[in-house]
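Below is a structure I'd like to ask you about.
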Amino acid sequence: MASITTRSLIKEYPGGVRGVDEMDVTIHDGEFFALLGPSGCGKTTLLRTIAGLEKSTSGSIKIGDREVTNMEPGQRRVAMVFQDYALFPHMSISDNIAYPLKIQKVAKAERHSRAEEVGDKLSLQGLLERRPGQLSGGQQQRVALARAVTSRPDVFLFDEPLSNLDARLRLEARTFLKKLQLDLGVTTVFVTHDQAEALALADRIAIMRSGKMQQLGTPREVFQRPANTFVASFVGSTSMNLLKGNVADGGVMIGHQKVALPADAVGRVGDGQEITWGARPEYLDISLDPVHGGLEGTVTVSENLGASALITVELTGSGEPVQVVVSEDHEPGIGTRVWVTFEPRRTLLFDAEGLRIGD
Amino acid sequence: MTRKRFFAAAAGLLAGTVALSACGSSSAPSQATDQNADAKEVTLTITANAVSGGKNAAGADWITNYVIPKFVEAQKAKGVTAKVNFQPNGVDDQAYKTKVSLDLSTGQGADITSIDGIWLGEFADAGYISPLEDIVGKDKVQAWDGWKQIKPAVQQLTTYEGKQYGVPDGTDGRVIYFNKKLFSQAGLPADWQPKSWDDILDAARKLKKLPDVTPLQINAGKAMGEAATMQGFLPLLQGTGQPINKDGKWQGNSQGVQDVLGFYSTVYGSEKLGDPLLQQDAKGRDKSFQEFSQNKLGILIESDYLWRSVINPSKGVSPMADRDSSVGWAKIPAQAAGKGPNGADFVSMSGGSGEVINPKTKYPQQAWELLQFMSSADAIKARIGSTPQISARDDVNGEILKADPLLNYISTEVLPVTAYRPGLADYTQVSAALQDATGQVAAGKSPQDAGSAYQKALEGIVGGNDKTFK
Amino acid sequence: MPAPAAGTGPSRAVVDDGDVAGLGKARAMAFLAPALLLISLFLVFPALWTLYLGLTNYRLSGSAAKNPQFVGVDNYINALSDDRFFNSLGLTLLFVFGSAVIGQSALGFAIAWTMTRVRKSVRAVVEFFVLLAWIIPSSVTTFLWYAMLDRSNGTLNAMLSTGNTAWLLDYPLQSIIVFNTWVGTAFSMLLFSSALASVPPSQLESARMVGAGAWAQFRDVVFPHIRGHVLTNTLLITLWTFNTFTPYLLTAGGPDDRSNILPIFIYRLALNDGALGQGSAISLIMIIINLVIATVYLRLLKERKS
Amino acid sequence: MTAVQGSTSTTRPESRQMLRHFLGLMGKSVFTALVLAFFVIPVLWLVFAPFDAHPGLNVKLPEFTFNNFKVLLDNPTAIASLGNSLILALGSMVVVLVLGSLASYSLSRVKIPGRDLLLYTLLLLSSIITGTAAMVPTFLLMVKLGLIDSQFGVILVLSGGILPTVIFILKDFMDSTPKSYEESARLYGAKPLRILWDVVIPLARPGLATIAVWAVVQVWGNFLVPYILLRSPSKSPAAVVMYTFYTEGGQPNLALISAFSLLFSIPVVAMYFFVNRRYGFRFHGGIKS
């Protein structure tokens, strides 16, 4: 078990593109840590650099108190589960699971019993003599996990391990993964582009963009208090409403409508300052009657989400769309005139650079 | 070989400037003639284009079953332990020649090598072989009593620039074969003997009237290879009075050459007395044999090989059960009576092979002993066995050819008028040019055009027209 | 040669991209070295030596064997002023174009394409026989075809009732083109089979949905996927066909040089005439032609892509 | 798919569809039959002639006999030569597989400067070696190395000649194996040779098997190299012995040639069968352009 620390880590590709740019991050011992971001943001590069599959250009990586920056991947005591699982198609499941032990020159009999033991733990009983090709996607994923577990690593590295599964299986596997990690207590770094997966699984999430860290925090923090507009729009199953406006008279002018200053921003902005006002659709509500401090508009689209509905409201005057999640009982018809309401403490303000105003 | 040596050698080679001449040939003078003359243990190797169970199997079996044990035995009686190996080959002559050249050029190779007489000049010029007297000593060579039995004409086979390079082991002669059955159908005599080229053409014209019969086969073209020269062009050219090479000069596009090509033109051109397509066939010669054996071909110029090995009723490849009664033969006439060299009426060409000693042999004296043994009357009789063949030795021929009318005929009637090809280095290329010329005429080109193309090719080969004559 | 062990340990040199197994340059060279050593010694070295021979009048026997003279580019001038060389070159180009580019590629593709839509058992049988032609040693296959095309007893004449047509004499080039197609189609068929398997069926289907005909499907869907295979295939079979000597066993270059393709021309020059210097020079010319063809292929395919 | 279109189209195009379908089926069957005829008919001679008491060049039902084989069995070199061919073929196969997979793996995974140029140059040079002009240098080289009359020497020369093509084709196979397998093994501490052996070789097995057959076929039929380099009759491979069944005058002995041709062909065909059943026989991969 070990923590992971990177210091000024840079991975530069030929041509000067930086996959990882000045990364300073500490992943705590036993933590379930997610690397989240759109494709090409460098999260997989960071993971592979930690694994040693990519050589860092400069900076250092420590696992526990071991300096691993220049170590061979095989010496870093890390285990990785690949997106395609990388199960050796020519070996039985048992041999696949025991492969790390084979490298460690563990005797055959013991390898076999360890594989069986791990296989049991991961519900792979009865599959051990098969070949990977004969297994379902979910089973293959568990075999890949089992192989990682067998090597008793200090660190698990998961590269989008759930993305090859269909939606239903993915939820199941997610729960399984979380439980497994809790049981084993091994420091785990998990790369995903799916924010829901990251929110559901991780103790902490690092959100990356163009090789740079955007925000590091608990799921709650990144959801409720995104550091910038990028994080705000990337995290959440519906993205945050972000409306341009400016500060006036202790409030925020969006078009010609005025809303209250978010709680965090009080006292930190001055009149005339250009800002972006943000509010999550889940934290907004609508009223059919005029409400003071609410935003007036007309319903243009309604999308059913099951127990709730996502309503798009076009604001009167500016015509900007605002999305609101309403419970199924309060779904207004298209064309209805509504007022969008909210609690000021649930709203955020971002400055001209897109950084959140407040602490 | 040890690995170390292997890599050392490899490195040496890679390092680069290996002079071609150092590797490419061995012009170094032969070692002393008496080297290892008193050795008690001797290893000798013989090679020939013969292999048991395949090509020239009889020759191969003779070496393994007769020559080697008998020679080893004879040596043992002298207190010498001899070990004699045989390296068989079963390939076409060009491949065999290549291998032998490579072997001799590097000082490897068998101590005794069987070669075709016409390679002699090339090999000698390349320094691959040396005169016998240089290898084993003049006195030793002259001491052999076998020379008396070999006619001077036959000795020419292994002679180059006046020196003996080896011992001839057999010769042959060319005659005109004809199918008596077809002849009687065409109203031609069974004891046919043409006296001129016109006689041949007249007979062919009569045969032409028979259905499904090719009247005449005169080999032509590259596909026939040396057979086009030896069984076609050269016997005809001989009949015009001038040999292909005279006083070191080659015969160019002379009147004689024009007459010969004109003859081809008559046969394959206007009158279609022969089958021009057959001349282009890579296996045309075999097919002509097959046709002859199936009574589909009337007249054919060939050597005794046809009689012995092809249409032989018991061992031939295209056996002819009634060979003895239905195949006739005659001497090849000159263009017209008295037109042959020195006014001869009839002509022929002969070839043959011989054995040479590797100049790099470790045991020159013993190799010479082995060669003498192989050329002894008893050994040759053993080789010839039950299928008579014309040997180089008169004593053997007199004894074994009596029973075979054709071979006896060749030995007594043809060999006196025969000629050998010049054993000159350029011969192979000149022969190729002649094959080309005959092939072109058979394919329809005019004798004039083919002749001037030949002249041009010839000058390229021998280096200028001062080395040719007309 | 760096020892293989030099690359291990934590202080190893920077790893290349794509080097997924962590070979490193040093170890990569060590892996490559045995093959390169063998190739240098038994291929590059004799090949360079051959090129040197091409500058001499070296012969297998005769006085030029003893003292070969450096003749510079004479052999090349001779070759380039020799009608027979150009005849041979023309025949070779026809032979390569006919039997490799058209024959093997087209037939191989047609078979591979057809075999994707027949029953498995039929496919297995067809593939077996096509491959058989390729596997049987050349000395045997040439004999089979010699028997097949024979003038008087040949199977082809019997089948087609073409009397005594002497195929090998009347149509020598055509005969060896058909023969070489017969021998070599297997490789193209195999390559195209696996290439076609790599074309996503969904793309073919969507092309059909918008009404694309067979040609349009090939051009817009199949070809882009198999471009690399077409290149590999054309390159290899062109080189192989350019250098094949096997037709010699069928026609020996004849009749009258009408099937005298370059490898046979060289063989006859080097072995029958013993003119190794001249033969070596023509070998180099042949390689240069091969090089030009290879470059043209690479260009063509690159251009069509962009 | 016909159904999809058929249901939405009117009657006339529907019948045209049917016609097209029918014509397609006809074309397919005719083409398949022609292909089979083209490839099968020449081989028939090999099936019948060896068992014929009087084989000719034409294909005919034999006057059945095993005598041709009996004659071969009596031939001192014929049967042994097949063993020699096996030695040469398998020896070369092992050499090119071992050296070829090491080299192609290395070339596939590490960008060595001038890699492509090197490959193409070697490929082009290999065409000289297989030709006749290089015969003399090769022979002289082998004389210097003391490898005349050595089967090992023949194996080296033949391997050197076919290695570039082997590397070229194997590299395609190696390029197309997914990289995550190797990375995974590497993370567990496997060293490159180990990865090659545990992961890459098994994954490339169909390719290796196919190349193995290809290499064997190349060596199996080679006449000139073993003929020039070997001396002892006991080492002659079948390709050399095949030529001995011609008479002095160059005429083929059809009985022996047909029987020997069959024996000569069987081992390679058997090897193909084995490989095809076990791994599937295929070439794949294309140059990435």
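Here the chain labels run A, B, C and D in written order, and each chain numbers its own residues starting at 1.
Rule of thumb we're sticking to: contacts are C-beta pairs under 8 Å (C-beta built on N, C-alpha and C of every residue); 3 or more make two chains touch, one makes a residue touch a chain.
As the structure is a computational prediction, the values presented were derived from the model and not from experiment.
Q: Would you pick out the chains that touch chain A and also touch chain D?
A: Touching chain A as well as chain D, we find C.
Q: Counting C-beta pairs in contact, which comes out ahead: C-D or A-C?
A: Between A-C and C-D, the larger count of C-beta pairs in contact belongs to C-D.
Q: Can you name the chain that lies farthest from chain D, using the mean of each chain's Cα atoms as its centre?
A: Farthest chain from chain D, going by C-alpha centroids: A.
Q: In whole angstrom, what separates the CA-based centres of chain A and chain C?
A: A distance of 54 Å separates the two centres.
Q: Distance-wise, how many Å sit between the C-alpha centres of chain A and chain B, to the nearest whole number?
A: Taking the mean C-alpha position of each chain, the two centres sit 91 Å apart.
Q: Using mean CA coordinates as chain centres, what's the chain C-chain D distance in Å?
A: Chain C and chain D have C-alpha centres separated by 14 Å.
Q: Rounded to a whole Å, what is the gap between the Cα centroids of chain B and chain C?
A: Roughly 38 Å separates the two chain centres.
Q: Touching at least two other chains at once: which residues of chain A meet that condition?
A: In chain A, the residues touching two or more other chains are 53, 72-73, 75.
Q: Which chain D residues touch at least two other chains?
A: Answer for chain D, listing residues that touch two or more other chains: 135-136, 140-141, 180, 183, 185-186, 191, 243, 252.
Q: Could you list the positions in chain C whose residues touch two or more of the other chains?
A: 8, 17, 20, 22, 41, 45, 49, 53, 58, 60, 146, 271, in rising order.
Q: Which pairs of chains touch each other in this structure?
A: Chain pairs that touch: A-C, A-D, B-C, B-D, C-D.
Q: Which positions of chain B touch chain D when the two form their complex?
A: Per the touch definition, chain B meets chain D at residues 1, 5-6, 9-10, 12-13, 23-24, 51-56, 86-88, 90-92, 95, 98-99, 102, 106, 108, 283, 285-286, 289, 305, 309-310, 317-318.
Q: Under the stated contact criterion, what part of chain D meets chain B in this complex?
A: Chain D reaches chain B through residues 74-78, 135-136, 139-141, 143-148, 224, 227-228, 231-233, 240-241, 243-253.
Q: Which part of chain D faces chain C closely enough to touch in the complex?
A: Answer in residue numbers: 1, 4, 28, 31-32, 35-36, 38-46, 49, 56-59, 95, 98-100, 102-103, 105-107, 109-112, 120, 122-138, 140-141, 156-157, 159-161, 163-165, 167-169, 172, 179-180, 182-183, 185-186, 191-193, 195-196, 200, 210, 213, 217, 220-221, 223, 238-239, 242-243, 252, 257, 261, 264-265, 268-269, 272, 281-289.
Q: Chain C touches which residues of chain A in the complex?
A: Residue list for chain A touching chain C: 13-14, 53-55, 70-73, 75.
Q: Which stretch or stretches of chain A touch chain D in the complex?
A: Within the complex, chain A contacts chain D at residues 51-53, 72-76, 78-80, 82-84, 86, 88-91, 99-100, 102-104, 147, 151.
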